[in-house]
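Read from first to last, the chains carry the letters A, B, C and D; within each, the first residue is number 1.
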């Protein structure tokens, strides 16, 4: 169903793309990230770039912003051929980006964060602090931010930091604004704000490249789409003329029948009973029960304290009060090792920092939480056992890699996530806690993760799913716990839950 | 740019003052103006070297070759002045800075160009520079008899009651303050140290800055080399042996984070002064010479612990405050 | 995916890629090797370049070069007795280097090792003067080392100070204590047994010093632990990502602490051997060894920021450094000039593979 | 390398020290005179025993015929030199000695007692037996320094010096800047300080420089052991009235001569015997197989210029 790229989409105003990238290839040692890729962006339009994890989207962004230099390829901006060798070149050509990785300097002020790399200077070459602060405050006002230019960045919350990233992209007054998964850590309200800003930019005639794994967003905000697979251009077209299923087929190469393959499972005995769990600052009086075969969803706004509560349960930051019972027996958990012994597994939220040891291989990562199980006599690693287990888990989770010793940093986000989940499955847990397990991973992998969850639940595991994505929580859970301000605000049955009620409770309402 | 001095620096300043007062109780001569000026003079070289080292540590690097650079440059300019007794001192100082800068540039190129870890590069050049002194001087020591009077006179000169060393250190300090707070380069240094990936995305080039900071550190070490040799009237392979650790200790006591991205000019100056006070007080308060090393070790540890603690607040509280700020802002 | 069986034995269909995409039409479809996408090899495919550019290979080449050059410049080099003597000058440092390698591997460093040697030697001396026998002295030397290491470990793990800072401080503190106690005196009264340990050899030919045999045994143990056991895995995990290691149930702080104790213990052992070898304790014993030890570890290919490195690499580096020093001193090159050579060796050993890789990458394009 | 040459290694405490460089010159003179001697001048970079042991091991491996050494540590070198002795290498110490079991004989530059007395006498003469005096030593473990300080204290106990008091002993570690700073501190801590005795060639120069820099020439006098070439400035500036040293060239010369004689078998080094040492004449070997050379020689304004050109 792909549209030949030379067919001009829509009316005359599209006539010439403001940016035309063609024949772009980029290789990394052992990986072809991009191969003959092309991309057109049009003034006043938003183009969505879709593709699986590792398809090469961010690589493309980094080429456009001068962080990587492509091996081959040409770039034409506004009819002029240009070469981009550094972010400065990109700015000069009117290209700016919000990158997938946070671009944050915690020890500097908001103003410096926004203008890093292009701070205004006086004639003597010294930084012009007056102009800097003035322009920052203007930008902050424009995006309706609630903090000021001189605030140190480390005092801001997660969402506020994202506003700073957006302000930085706007600070260049660019013709082309690229956003690489800008919504991954934003709440619904902030996403609305972002979309308002995008609409604003469009009306000013700027071209926007929007990358996201969330189709609802793509269909809300984009006018056009371009699809990538394994570094190749596999199609492009108008959003109005396509469907979600078409896009999925193009990017994954097959259709996904079910993103939320929740199965009916007989709920068993309580496996985990938590009572009155509190710590001094983040969460208080957390009480709930998890049964075998059950998927218990935890919903809340970012900052509701879900992660911290689970990390307390895991012994990462032991709680000050409360009891934990596993199979009706009290468990003493003071460190993650205790929790693992008790049968709890926790797939953390921040994959890069808390989950994966990216310079190590798949095999070693998978063994990390269950080294005792592959230890032979005298603590020696039983490599045969280990390799067999790696193959099994790898196949079960359909990990895509060249070999089992491949370093995690060479894998795409989705595959890294699968390895981290495999690491925890290797501990043979009774309780599996998944903290935002599908954040930033593509639809195919997401469906795979959901399928794994459903299978595991059917096998009798108790699963806790923390997610800030409402459809995911509602689609996968038997019951939904809603947290707000560090406390459990309400627990919904699958039957009684509606999106409106859940959101209202999560935002502090009392519906 | 936030406030000029932080809480941590105030604590350190308070510690220094308290320490000086205590020493003064035992040995009143310590608190005389003359002695205070002497301590500052004696610490001047350390202040300069620590400030330069700070810029390197900010980029997540470290320069262990500074003392060797100081010694080599000192020897070279002493030899130069010996061979050409007519050279004016400003020229000697410029040559010292050029030689030191050149040696620093070698470090910078190895670190930035080849991506070898700074500690490895400078561990290597440290040995090389030290050995080079032995080679260029044929193993000989140069003493004041080999140096001209003009060469020896500068560090002793006084202007308006302040020693030339103090004035040089003051100028260097002001220079660094301007560099770190008022120029793009200075802010870029914080950026690359705080988050190298993000800095790259902002068009801040780490390699360029690395070349710059190692060259800068080398230049200051070179200048210090002349000052040191001229002040003590001696040059040989082992002068300022182990001084690199004192320089690094000054930075750390002054609140420069070994992990990069954090550190300030006032803090580093205070860190150097702290060590300067300790070094000058110990021989003076008549403690047994055998105790000096143990005491300075203990004092360094204590200062670092207190200093870390003064900054230390439970992580959780930071989050709560942030959250409160966020919540407050949303209404 | 099968869901019917229990987790206990992980039912795993070795089905090749259920997701393998069906062939697609259209001009833009990449059609090549689609079905191979999900075949995962067990091991990284062998590549000669990897082997040739491996750190250990470079060190082996260096070692061969060093031996060749030394044989060429001095007729006294290839002599069993001389080589055996030479090992006694680096075996104690090499023992400390093994522990240091593990510490650097987890991203820490201990600059106080030489000072710990001085402190251990001092306390052994005091005990010896008080009449303690050889065995007692060994126990005391090791325990003092372990305690000093524990002190470092406590400051790093419990108070959370960076180890480079802590050990710069304890470096002065430990040696300072030795100086406080000894002042201008030396302790020279050591029992026969301790001197025998430090000065004699197990076998007549080759007459290698006992310290060398101890080093070899410890190197084998360290190599096995690091590369073959689960404990070694933990160290690599901590060195590469301490947070993820902690989240995975690894007791990061405890292991770090243990490694500091181990580093102290190795220094204590070095103190026992060194004291026995020279039969005398003064506050400046082992002065400056910390940098030599760090150089051994770094030349051995252990990444200074943690997470990578091997024991065979460190052992090779020990020999490269030790034999270079010995060969040069056979032709009476002054020590400080030898240091120039070692400095060049350190930098070029790290630079050359980087440059070669860069060139290869350039060619490959 | 000619096989029939006698190879004698002279090992300094540390390379680069002017004193030992002068000893080497003496050794070379002896080698030239004897004709069949090759002198290897070597030493460690740091003044530690371990570093010196490494040097000795390398010399043993080269199978030199004799080692002449100034020890960084009396006892620590014994195992290493014993090994050398057991392989037929003649080991003697000079300047700073090795314990008797580790060497054939020891050549003292001068008589320790004389050196101690000399230092105190020079100071007393300058100060007219009155005032506060401090000692600036090298490292706290330097053998010869400690012996000399001991001897100084014995001399000091005499009633003549009752009004001349010893107020402190500090250590400059033979490091120029530490010695300088220690001197500065002495001056400040003891406002009535009149004199500093530094029985070390590094310390005395630094101390004199500190006195000059503090503007205390004429108020504080520095004396001790130093090299004329290095002390010329201090004497001319007036910071030092007199100082002493034995002749390092003669010392190196004699040590080399003795070593050559031992190798040739013309001497045994036993107590009670004597050795012929070229232009230095016959050197008697006393108890403990020790021998001593001439008295220290005193330098002042009148002769400094002349000797500064020599060593």
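The criterion applied here is as follows: a residue touches a chain if its C-beta (ideal position, glycine included) is under 8 Å from a C-beta of that chain, and two chains touch if they have at least 3 such contacts.
Bear in mind the structure is a predicted one, so any value in this text is a computation, not a measurement.
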Q: Report which of B-D and B-C is connected by more C-beta pairs in contact.
A: B-C
**Q.** CA centroid of chain A to CA centroid of chain D, Å
**A.** 74
Q: Express in whole angstrom the distance between the two chain centres, defined as the mean CA positions of chain B and chain D.
A: 36
Q | Length of the line joining the C-alpha centres of chain B and chain C, rounded to whole Å | A | 30
Q. Which integer distance in Å separates the CA centroid of chain A from that of chain C?
A. 39
Q: Please list all residues of chain C that touch 2 or more other chains.
A: 179, 183-184, 334, 336, 339
Q: Could you check chain B for residues that touch two or more other chains and list them?
A: 134, 139, 237, 290
**Q.** Chain pairs in mutual contact under the definition given at the outset
**A.** A-B, A-C, B-C, B-D, C-D
Q.
Help me check something: in the complex, which residues belonging to chain C touch chain A?
A. 1-8, 10-15, 17-19, 21-22, 24, 26-30, 34, 37-38, 40-45, 224-225, 228-231, 233-234, 236-237, 240-241, 243-251, 307-308, 361, 365
(Q) Using the touch definition from the top, list the residues of chain D that touch chain B in their complex. (A) 14-18, 21, 45-46, 140, 168-171, 175-177, 180-182, 184-186, 188-189, 191, 205-206, 209, 213, 229-230, 232-233, 308
Q) Along chain B, where are the residues that touch chain D in the complex? A) 27, 29-30, 35, 38, 42, 134, 137, 139-141, 143-145, 156, 228, 232-234, 236-241, 279-280, 283-286, 289-290
Q. Taking the complex as given, what residues does chain D use to touch chain C?
A. 15, 40, 42-51, 53-55, 57-58, 60-63, 73-80, 83, 99, 139-141, 146
Q: Sort out for me which residues of chain C touch chain B in the complex.
A: 111, 155, 159-162, 164-166, 168-177, 179-180, 182-184, 291, 294-295, 298, 303-305, 334, 336-344, 346-347, 350-351, 354-355
